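Labels for the chains are A, B and C, by order of writing; each one numbers its residues from 1.
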Amino acid sequence: MAEFFVDRLSLSAPVGYTLAALIQCVLIVALIGVAALLFIWMERKISGRIQDRWGPNRVGGKFGWFQTLADGMKLLTKEDLAPKDAQVILFRLAPYVSFAASFSAYLALPFADGWVIAPMTMGLFFILAVLGLEVFGVILGGYASGSKWSLFGAIRQAAQVVSYEVPLAMCAVVPVFLCGTMDLVAIGEKQAGLFTNWLVFHDPFTFVIFWVYFTCTVASVNRSPFDLPEAESELVAGFLTEYSGLRWSFFFMAEYSSMLLVSGLAAILFFGGWNGPLPIFHCIGWAYQQSETTWRLTGYLANLAGCVNFLAKAVLGVTVMMWVRWTLPRLRIDQVITVCLKYCVPLAAICFVGALMWQTLAWPSPNDLVPVTPAGKAGVREQWVLQQAKNAGRENLVGVSGPATDMPVTDIVVRPLEQEGGEG
Amino acid sequence: MWQTIMTQHQDWFRRLTERFGRGITGSSLEAVDPWIELAPDVLVEVCRFLRDDAEMRFNVLNLVSGVDYLQIDPKKAAKTDWEPHIEVVYHLSSIKKRHSLTLKVVLPRWKDDQEGQLPEVPSVVAIWPTANWHEREVYDLMGIRFVGHPGLHRILLPEDWDGYPLRKDYEMPSEYHGIRA
Amino acid sequence: MTTADDSRILEFDVRTEEMLINMGPQHPSTHGVLRVVLRTDGEIVFRAEPQIGYLHRCAEKIGENLSPRQWVPYTDRLDYLAGMNMNLGWALAVEKLLGLEVSEKVGHIRVLVAELGRIASHLVAMGTYGLDLGSFTPFLYAFREREKILNLFEDVCGARLTYSYMLPGGVMADLPPGWLEKCEQFLTELEPVIADYHALLTSNQIFIKRTAAIGVLSAEDAIGYGCSGPVLRGSGVDFDLRRDGELYCTRMYQGYTYQVIVRKDGHYPKDHDYPPVPPEAVIGDCWHRFYVRMLEVVQSIDLVRQGIERYRQAPGDCGVPVKMTQRLPKGEIYLETEAPKGQMGFHLISDGSAIPWRVRIRSSSFCNLSIVPILCQNCLIADVPAVIGSLDVVLGEIDR
């Protein structure tokens, strides 16, 4: 987008980049904010269904669409309280840390073929790293609250998230090895074609490892049965005990956006990302061809459909998390850690070795049924200007570090712009 | 059936009097719930005997209650046939034998008749642990000191509450820590 | 204090301090206004000391100033989740003092309603136990069914929580026409739903992990601490006042066939196809207490069915409740009945006037709660709600 501003509208580079960043910022905050609202509504409806009741059905029509919005308004009007014993600055800061961490991770999440805010060859690494920062907000909030329950929540969160990072990373790294890249766009591209090409069907080990991944993500975003940091029957509300009003809702938004994020990541890593089960758009020739670098409407529409596809998968993942939450009791802290260290880690390790063996020994895999040559140039099309920039020999001016090579996406300097978005 | 129960109670009473002599101060075996009255100083031994005796096996202490016998209405007081006193009533039963018994201990309303000095009775916590909370409650509401209780402090009312509400001459304080009661 | 001469430094890298935590009185999982003071080291609880009295409403003192008939509404508010059973206990106690005998029909009405009350109480116990363990859904399923029981009660006496239906000497009114059919329909609706509860809780692996071998209460402790009801039977003590109680309590159950729900010779009475006892569970643990309650629901359904049949054929009227000014004979009685939460006792002393000299309440939850310090030694914080929930205490009854 920045290239578009700079090249087509002849804005100066700083202005163009800032403008592009702001637009993307607003887009992502709006999208995720709305998604979080929607998920809260969805959770209520789903829990209502599961529990044999209606859920919201008054505000905003028959289905209570605006219930969350109304609640948000209520939360806005609440007094912004900080307890007497709280470390006020840290206490006030904590929700933003969580929120910003959770939202920044979207920087590297592709929504469709090449639709990603900051294309990175290290996308997966970035997401996992930034997502891990969310825990700081929780620890900070729990510690600064000056309440013992909050402190318990924070310590539990620290123990839990730190333990679950290990198997989570081990699971996420399997698709990386299978595809040979950390670029999420490229990983998604590799799974194009029939649904048999999805990595979850690569071999039995990847199938198992998806479930390990799912368990670990549920734990790392504090959803039941791993919602110990909140554990309202034990710790009142855990780290949230002393929070009220908008700050409380920031934690909430962070939780729901993290849920979407990890589900989206699961969709990309294991379920073909934006590739549908049947390659319809490839068959009717709308989807971009491999060598194409120019923009066209049909290609855009194909990408849009891919985006819907991707979101559908991610939302499905979130739905399953909700379903789990309203079905299972909560584990105890020692059991949570046991699940991680005694089951998830060994299982992930075995599957990791198994999946790599399968790949190395080239054992038959469903992925070979209808092979598709990876498009490989995925990121380029939405950054078609890069090509022009390269032609014009202006790489360095537009923030491309190093000369453009055959690699689909070059390293772009990540600009920490999303943080401001969090507060808006 | 009732007849056998009656003889059963008489048998217990006979055994108790044989064993504890003067300690057994009275009984009413014809009452709906037959009771035996004890002197405070033999209470613990009697209770231990009742719990451990192979025939009786009163392994459950159902309830400890304190009863304040004080007629505050002077007209009625003239007609009552008892002196003001306090009774501690123990309801025992046996899960194995499926029978029950009531024990009573009669105490003065105040120790040595000095108002404010709580009457004393030995605690039976060592025999039935459940007595712990029951005795605390009786202490709390009736003002009876259970000697030998491991932690005799108020249970339902706040620690700094004044007086013992279930006594017949208790007067509700008008305020508590500035809160109108 | 200097740390150099502290011998513990050699043993521990990090010196830890005990932390005192107040669980309650405002806490989501203490079933009312219970306060438990926890001495903890991190997640480990060394000692849990319940502090009660936040709901003290002077019921006993009030009982000394009202006639037994007037005091009935106060019994509703003891165990407010099983008001019917509290009414029943008081009604029977007063009848015992008066030497009254009620008609057979009244007996059947009482069985019917008391067993429905037991089902309602156990459903709440089951649901809130799910909540304590972090599972929300069973709670709403339980309340859905309880709501139907409350509807039935509403038809009977007009109230949904504080019934004052069973009065000394009889019941407030006969069952309304068509009520028995409604009740039968409810039972047929409830029966299949119980399998859901078992699927969501009893046989759920996480639930078993959270409850099996947690808070193990030995039979000796259970008896010594005066525990009763499902807590006592969960520890394997075969005792149920509906069978083993005094005549006043057991009379109305005469002719009914039922078994006391207790694990005997390694198994529970087998008249159901509900989940087997998991190998991890130890007799007397939270899981068994929960399971006993679940089986008692099934048993109560059966008792209500029998009650309906017997009520239809029973002669007699629905009794004449004692008058407000009825003089009580001089004397004192003590009567315990089997309420859902355990043995509910009333100690009633009369000096010959219409107003009792003294009313004393023996509450089952009071005794059941007193074992918390024993059960919560060296457990984890998460086990404290699990243990308290499995005891199924109601603070209205504890604080009176």
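Basically, a contact is a pair of C-beta atoms (placed from the backbone, for glycine too) under 8 Å apart; a residue touches a chain by one contact, two chains touch by 3 or more.
Here the structure is a predicted model, which is why all the values come from computation and not from measurement.
Engineer: Graph of touching chains, which shape: line, ring, star, complete, other?
Structural biologist: Basically the chains just string along in a line.
Engineer: Which chain is in the middle, if each chain's centre is the mean of its C-alpha atoms?
Structural biologist: C
Engineer: Need the CA-centroid distance for the pair chain B / chain C, whole Å please.
Structural biologist: Inter-chain centre distance comes to 26 Å.
Engineer: Using the average of all C-alpha atoms in each chain as its centre, how far is it in Å between chain A and chain B?
Structural biologist: Taking the mean C-alpha position of each chain, the two centres sit 68 Å apart.
Engineer: Where the centres are mean C-alpha positions, what is the separation of chain A from chain C, in Å?
Structural biologist: Their C-alpha centroids are separated by 48 Å.
Engineer: Out of chain A, which residues touch more than one other chain, so two or more?
Structural biologist: Chain A, residues with two or more chain partners: not present.
Engineer: Which residues of chain A touch chain C once you look at their complex with the stated criterion?
Structural biologist: 47, 50-53, 148-149, 152, 155, 224-225, 227-228, 231-236, 326-335
Engineer: Which of the residues in chain B come into contact with chain C in the complex?
Structural biologist: 31-33, 59-63, 65, 67-69, 80, 89, 91, 93, 95, 98, 100, 102, 128-130, 132-133, 137, 141, 154-158, 165-166
Engineer: Hey, which residues of chain C end up touching chain B in the complex?
Structural biologist: Touching chain B from chain C are residues 52-53, 56, 58, 60-61, 64, 96-97, 99, 221, 223-226, 237, 239, 244, 246, 331-334, 336, 343, 345, 347, 349, 351, 357-358, 360, 362, 366-367, 370, 399-400.
Engineer: What residues on chain C touch chain A, complex-wise?
Structural biologist: On the chain C side, the touching residues are 19, 21, 27-29, 42-43, 130-137, 140-141, 144, 200-201, 204, 206-207, 209-210, 380-385.
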